Each structure stands twice: as structure tokens, then as C-alpha cells.
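Chain lettering (A, B, C and D) follows the sequence in which the chains are written, and residue indices restart at 1 in each chain.
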Amino acid sequence: MATGRDSADDARTSSTVRSDPARAVAFSDAIIAIVITLLVLDLRPPDTEPGGLLPALLDEWPTYLAYAGSYVYLAVIWLNHKAAFTRIREMDRGLQWANLGILATLALVPWPTAVVAETARTGDLTNERVAVALYALVGALMCSSWLVFFAYLARHPDLTKQEVDDAYFARERPRAFIGVVLYLVAGMAGVFIHPLVASAIFLLLPAFYGLTSHGHDQRPALAGPGVGGGA
Amino acid sequence: MATGRDSADDARTSSTVRSDPARAVAFSDAIIAIVITLLVLDLRPPDTEPGGLLPALLDEWPTYLAYAGSYVYLAVIWLNHKAAFTRIREMDRGLQWANLGILATLALVPWPTAVVAETARTGDLTNERVAVALYALVGALMCSSWLVFFAYLARHPDLTKQEVDDAYFARERPRAFIGVVLYLVAGMAGVFIHPLVASAIFLLLPAFYGLTSHGHDQRPALAGPGVGGGA
Amino acid sequence: MATGRDSADDARTSSTVRSDPARAVAFSDAIIAIVITLLVLDLRPPDTEPGGLLPALLDEWPTYLAYAGSYVYLAVIWLNHKAAFTRIREMDRGLQWANLGILATLALVPWPTAVVAETARTGDLTNERVAVALYALVGALMCSSWLVFFAYLARHPDLTKQEVDDAYFARERPRAFIGVVLYLVAGMAGVFIHPLVASAIFLLLPAFYGLTSHGHDQRPALAGPGVGGGA
Amino acid sequence: MATGRDSADDARTSSTVRSDPARAVAFSDAIIAIVITLLVLDLRPPDTEPGGLLPALLDEWPTYLAYAGSYVYLAVIWLNHKAAFTRIREMDRGLQWANLGILATLALVPWPTAVVAETARTGDLTNERVAVALYALVGALMCSSWLVFFAYLARHPDLTKQEVDDAYFARERPRAFIGVVLYLVAGMAGVFIHPLVASAIFLLLPAFYGLTSHGHDQRPALAGPGVGGGA
């Protein structure tokens, strides 16, 4: 989908090319678009008897909340993915696999979302505890995949664009690590205190990442053709 | 998917770059393509007994009408999205979220479409009233998200291309606002008069937006390489 | 997805720009990719008792044939769509809607495919007649949408690239018209003779279009940068 | 999605253009993204009674393994597809169909994956043998489609970029052929020894292809604008 044009241009004018991120960016965009859309498309007409549609729709409010939360979550991830890739000049096999790891955990998100929505509807407390623990686990996996991604980039400054501060991706690591911890804490709170505590943290976490993000796109060091920048 | 090449080129030759809309355009195209396709793919072979396929297929006519209406609706939205983005030079976080809001409401459309089609088939009047009210609500939400989008652009003329009239997006706001009102009126007509009245308005509204659109693509002020234009 | 780069470049260097086809090409590619993939993904594990998987899989052969046929059909359509767009320089609203019409009918294809596969499995002759008639109707609709598309381009030579023969799209019309006729004949043969006759024609028609296609991509009149050509 | 920009640029500056691979690359990316995503999205909340969610989730471990294996498989295929296309300068009809053959077999993968996961859950040995045989068959088909693709490129060195060694694609053929053999051997081991033997080979094969791959992206012969290279 996207083209990562600018990074492509930068890559070409710079010395050695390992692999232009354009196709990886486009592939990632396609996957994120599919996941975020199918999440919403998972809303189905409820089975109802005559006159029962309104209460059936209203009863589904935990589903709406779960999907809204996951939509915002995935939107934040996409914005951060975009911001990260404006700083990447070229990719090697390791970075490709780190990115594929992010995409794999990201594609998992609708699954615990559906499990949480399903159990919230049936209202069995044991199942709800298990469901939020599963959601927390996938959330922690997701943050771990970003941790791997950032750590890889921090160890390979040659893959980033010239104008990017070498410590940039090293500084991103703690944020991802905090995410792993917070999701695990949320999961334990959901199991040992109450599933609603976990759900509240799940809704707040993406907001936290959206707001604290250093993840504005990379601005070009110089404004002019050939330097380009924020894709 | 799409590349928004021209806007990308414009952005690069212009002074400061916040964020090139190319990846947002591509991401939006992917999401709209998925939603519009899955809408049609929702048509399934009906369950039938021997010899019962023809009446079963004919009985589904409200489904066909509902899907045709939503297809045209989403096609009009895509054309307007395209027309709007030919005027956008760069995006900031606020505009990204305004666009993500449009995509979220747009991805909701198949849901009330399926609910309306389902209730039209079973023919319970109370459920039909609720279904058209739900469709009207989603339609109003969709128009509201455009209202936010246009209002944001009207307040940030620095995000649009140089050759775009500063008042352009301000002039688009009333059209989106009328949409909010008309969908709410349609919903109330569906509840208090008859669902068919609402359905008729639902089918007419996209036609209205398709025809009254100022939304032809932006033409370049000057024709020549580097000025480019209508993407 | 795709970029239609070359046509974009051509369009920019040529005089007046109405609307660059790049985003329409990308949007079309996304929709065709979704339809062709979901067609194949419709294959599901059969419900079986212990030891019954092998006969259950073998019993589904009409399904495999139906999906293989529709895959080839959609692949031929994609190649022809690609070939047509290498000749298009710019798009106006009418051409956008003609293209959206093609995409709408194309997205319908999995529906009659599933109906034909379903009825072939259950083996009720009346339903099979109706199913092939439905497939024929959608096939005829599809060819009609191409007829509209070609006729529009034939009447608007200013939308095609300079080096394209003005009569090119006029010459494509009879092929689309023959398709409409052949699908209707196949449908009638399926109803009045036997569904297998229709199925045979359905499998042969895409092969016919694949082989008789003038639809090789447009070659550039001159080979050199800026003239580009076959996208 | 992706743009294959570099190959497009190379193609343009080189002599005769048959067909720029950009749109085929984008189309392939879209299809692979859809298949790999829907594979993961196939995970559904299990049907459970009160308190039964945890054991129900744990019972599904063969499903998780099957999907993880297929995800890695498809990721390796995408990387190899990307590596192959960095060497392709232009495409003719034959190469388009060879690529469409790869996409068709690739889109089949979720189907035997679901069949294997389903039978592993129900635990009937006869069905499991049939399921791994089906998976092996699709795997062999997939490798055959690559064999055809490589053989076609080996016979048409004019379709590859100038700087690509003429024997490159000829050297890729044995690897694809070994894949065909290994999948068939795995299938037979699954039928005549035990399904677990086949499953182990299925999980090892993509790892083997990922590791032995010559498939790093093509580096440019010269580093500089206009020569570009590894897309």
C-alpha cells in the first residue's frame, strides 16, 4: 500500500543498499489494514426473536467497548510503525524478521478481543479471568516484539537514516519494556482482583502510548528535494 | 495501495515537511477496499431444500438492495476521500486521527447493513424500526467524522496545498453537517413513520452526495513537472 | 497497491491533468486481490466422522473445479484490467464510476461460485439449473460492465495516452459484447439442456478471453525515460 | 502495496519494456498479506461452558502450532518472492501466469492448515493421516509452482536485470525440486509411519528454506542513483 517513497529515495542516494524498506512498509500496511478492518467487521447482527433486536443490541455493549479499545490500540501501533519506518534507511534479514514478528503478534489481537467480548457477554467470572489473562499475554507479546525490533535497530545504527540520532531507538526500548510489564500486571490484576481492573488498564494503555509517543515522524535535517524525510 | 505520488512530490518541494500523506492514503485505500469488498462477499448461498433455490434467491431482494445501497455509499466516500487528499500537502497527528475516525466509522457500515438486511428478511416491524435507527446512527456518525475532518482542515490551512483556496474545507463543513441531520431525520422517520421511509432516504443520500459533490479532484494551478496535481 | 507509476509520469508530463489513475489502479488491485484470495480461502475443512475425511474431501471435487474456474476467470480479468490501464492517461468521474462498476460485478463472482459449488454437492437438478443461471447472469453483468467501460473510453479518446490508437477501445467493445451473449447462452443451455453444459462453457470462457486477448500491455512509442509505458 | 520502485526505474532506463513488474509485485503483496493475516484471524474463541475456557484454550495447542508453522512458511515465501523480484526487470504473459500460479497455491495453504488443526483436535488417526497427506500435497504443489517460476526465468534471461548472473535462476531450480520431493516424502511418512513425523517435517521445511536461502536481495552492481537495486 504505502510506498515509503522518501525512505526509498534516501536509500538510493546513500552509499550501499541492503534492502529498501518500501516493500516491507507496504506489506505491513496491508496487514495492519486487514487486521484493523476485520476487527470491526467482526460485529455481526445478533440472533433475535421478534421485537428483541433493541435489547440484544444494547446487551452487546462490552463487545463495542472491546472492539473500540482494540481499534485505538491498533491505530496507535500503526502510527508508531509509521514513525519508526521514517527513520529506517534499509533493512537486513534480521530487521525483516523483527518486523514480521510485530505483524504476527499484531494479527493475534482480534483473537483475545473476541474471547474477552464473548466471555463478557456470557458473564462467567472464571472465564472472564482467563480471557483477560489471554488478552494481557498477547499484549505483552506484542510489546516484546517491539522491544526486539527497537533493540535490533539500536544495535544496528547503520540501518537508520543518517540524520537520526544514534541513541533514538535505544531510548525507545524502555517504553516497550514498560508495556510488557504493564500488560503482565494488568493480567495478574484481572486474575487475582477482578477482570474489570484488567479491562480498564487495557483501555488506558493505548491512550498512554498514543500520548507519550516520541513517535512523531522524523523531520528532515534539511528541507529540500533529495533529503525528504517524514514519510 | 495508492501512492499519493503527486502530493508526495509537492510536499517535498515545499518548505517544511510534517508528514507526507502517502502512507495514510495507502492505508485508507486498503481499508476502504476491504470494507467495500467484504460487504459484497457477505452474500452467501441460501440454505434450501431441493427445488427451493430460486424462491430462496428471490426472497433475498432486500439484501441485494441493502448491499447495493451501501456499495454506492462507500464508493462515493472513496471518491470524496480521494478528492480531499489531492488538496492535502502534509499531515499532523490531529489530521491522522481525524482520518482514522473516518476509517473507523466507515468500517462500521457493513454491520448495520447486515442488521437491516436480516430484519427485512424476517419481517418483524419492531426489529425493522430498530435496524433502520441503527443504520441512521452509523450514517450520522460517519458524517460527523467527516465534519471533524473538514473542520480540522479549515482551522489548519497550512496542511493544504498552496494552490487550494483557504476557504475550501470551510465550505465543505455544511455538507457534512446536513448529512448528520438528514441521517438523524431518516432514523426518526423510520421509527415513527415506517422503516421503508428511512430505507428510501438511505438509498437517496449517497446519490445526493455523489451528485452535489464539489469533490472533483484538485487541478494543478500550473501544468508542468513538479507541480503535478490531481492524484 | 500498485502504483501505475508510468502512467502517472506520463500524465504529469502531458498537458492538462484531470485525475491521475494511480489511486484508482491501487484501489482496484486491492479489491481484485481480496476477491481472488477470499475465493480460495472459502475452502473449509469438511465436517466428518472418524475415518471419513478422505471420502469427504474427494466428494468436494465440484467445489475445487468451481473455485479453480473462478480463480482463472478473475486472474484473466486482472490481466485485462492491467492492460487497459496502461493505455489510460487520466480519469474523469464517468470513468471512475465505470471502473467501480467493474469492481462491483467482479466482487459478486464468489457468490454464484459458492452457490454453484453448493448445489453441485447436494445434487438437486432444479437447484443446479438455477445456480448456473445465476452464475451466467453475474458473468453477463461482468461483461456488460466492461462493455460500458470500453464504450466510455472509445467516446473519450482524450483520456487515453497519446500513443494509443484512437480506435483501440472501440475494437475491444465487440469482445465484451460477445461475452454478454455467451454467458446468457450458457445460462439458457444450463436451464434448458443440462447444468453441465453451462459449467463447461463457464470454464472455457475465461480461457477464450485469456487466449484471444489483444490485451498485451501498451508498449511505449519510444523507448526512453519519460516515455515509459507498459506498467 | 509495495511499489517495486527500483525495478521500475531500472526497467525504464533499460531498452525495451515488455511489462513493468510494479503492479504484479503490489498485487502479490496484497494477496500474501491477506493470506498470512486471515490465517491468524482464523483463531476463534472456543465454545465453552462456565469455567471451561482455560482447558478449552489449552486443548487447542495443535492449532497454535499449525498456524505458527504456516505463518513462518508464508513469511519465508514472501521474503523469497521479494528477493526474486529484485532481480526481475520486466514481465511477459508467461511470467505473469507463473506468478499467478504461485499465488494460487499460496492462497491454498490456510485450507490444509485448518484441516490439520481440526483433525489434530478430534484425534482420529485415519483422519490425521489424510490431513497431513493433504498438507503435503499442497506443499508439493507450492514448490512445483516455484519450480515452474524459476525454470521460466532460467529460460528467459532477458526478463532479468542486467547485473543478475544468467545462471542465478537455474541454480534456484534444484532447491524448489527438493521441496517437492521432501513434501511428498513427508506426506508418505505421515500416512505410513505416523502423522507426527509429517508434522515435524512440515515445521522444519520452512526453517530449512529460510536458512539455506540464497535469497538475499539483489545488490546493485554499482551504488548510485539510477542503478538502485535491492527493492
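Please note the rule applied: a contact is a pair of C-beta atoms (placed from the backbone, for glycine too) under 8 Å apart; a residue touches a chain by one contact, two chains touch by 3 or more.
What you see is a predicted model; the values in this text were computed from it and never measured.
Interface chain A/chain D: under half of the residue numbers present appear on both copies, so the contact uses mostly different residues.
A turn of 90° superposes the CA atoms of chain A on those of chain B, with the angle given to the nearest 5.
Averaging C-alpha coordinates per chain and comparing to chain B, the farthest chain turns out to be D.
Chain B and chain C have CA centres that are 25 Å apart.
The mean-CA centres of chain B and chain D are about 35 angstrom from one another, to the nearest whole unit. Among all residues of chain A, those that touch two or more other chains are 1-3, 5, 25-26, 29-30, 34, 38. Chain A meets chain D in the complex at residues 1-3, 5, 8, 12-13, 15-20, 22-27, 29-31, 34-35, 38, 90, 93, 96-97, 100, 103-104, 107-108, 110-111, 114-115, 118-119, 122, 124, 126-127, 130-131, 134.
Across the complex, chain A is touched by residues 1-6, 25-26, 29-30, 32-34, 36-38, 40-41, 43-45, 48, 50-54, 57, 71, 75, 78-79, 82, 216-217, 219-220, 223, 225, 228-231 of chain D.
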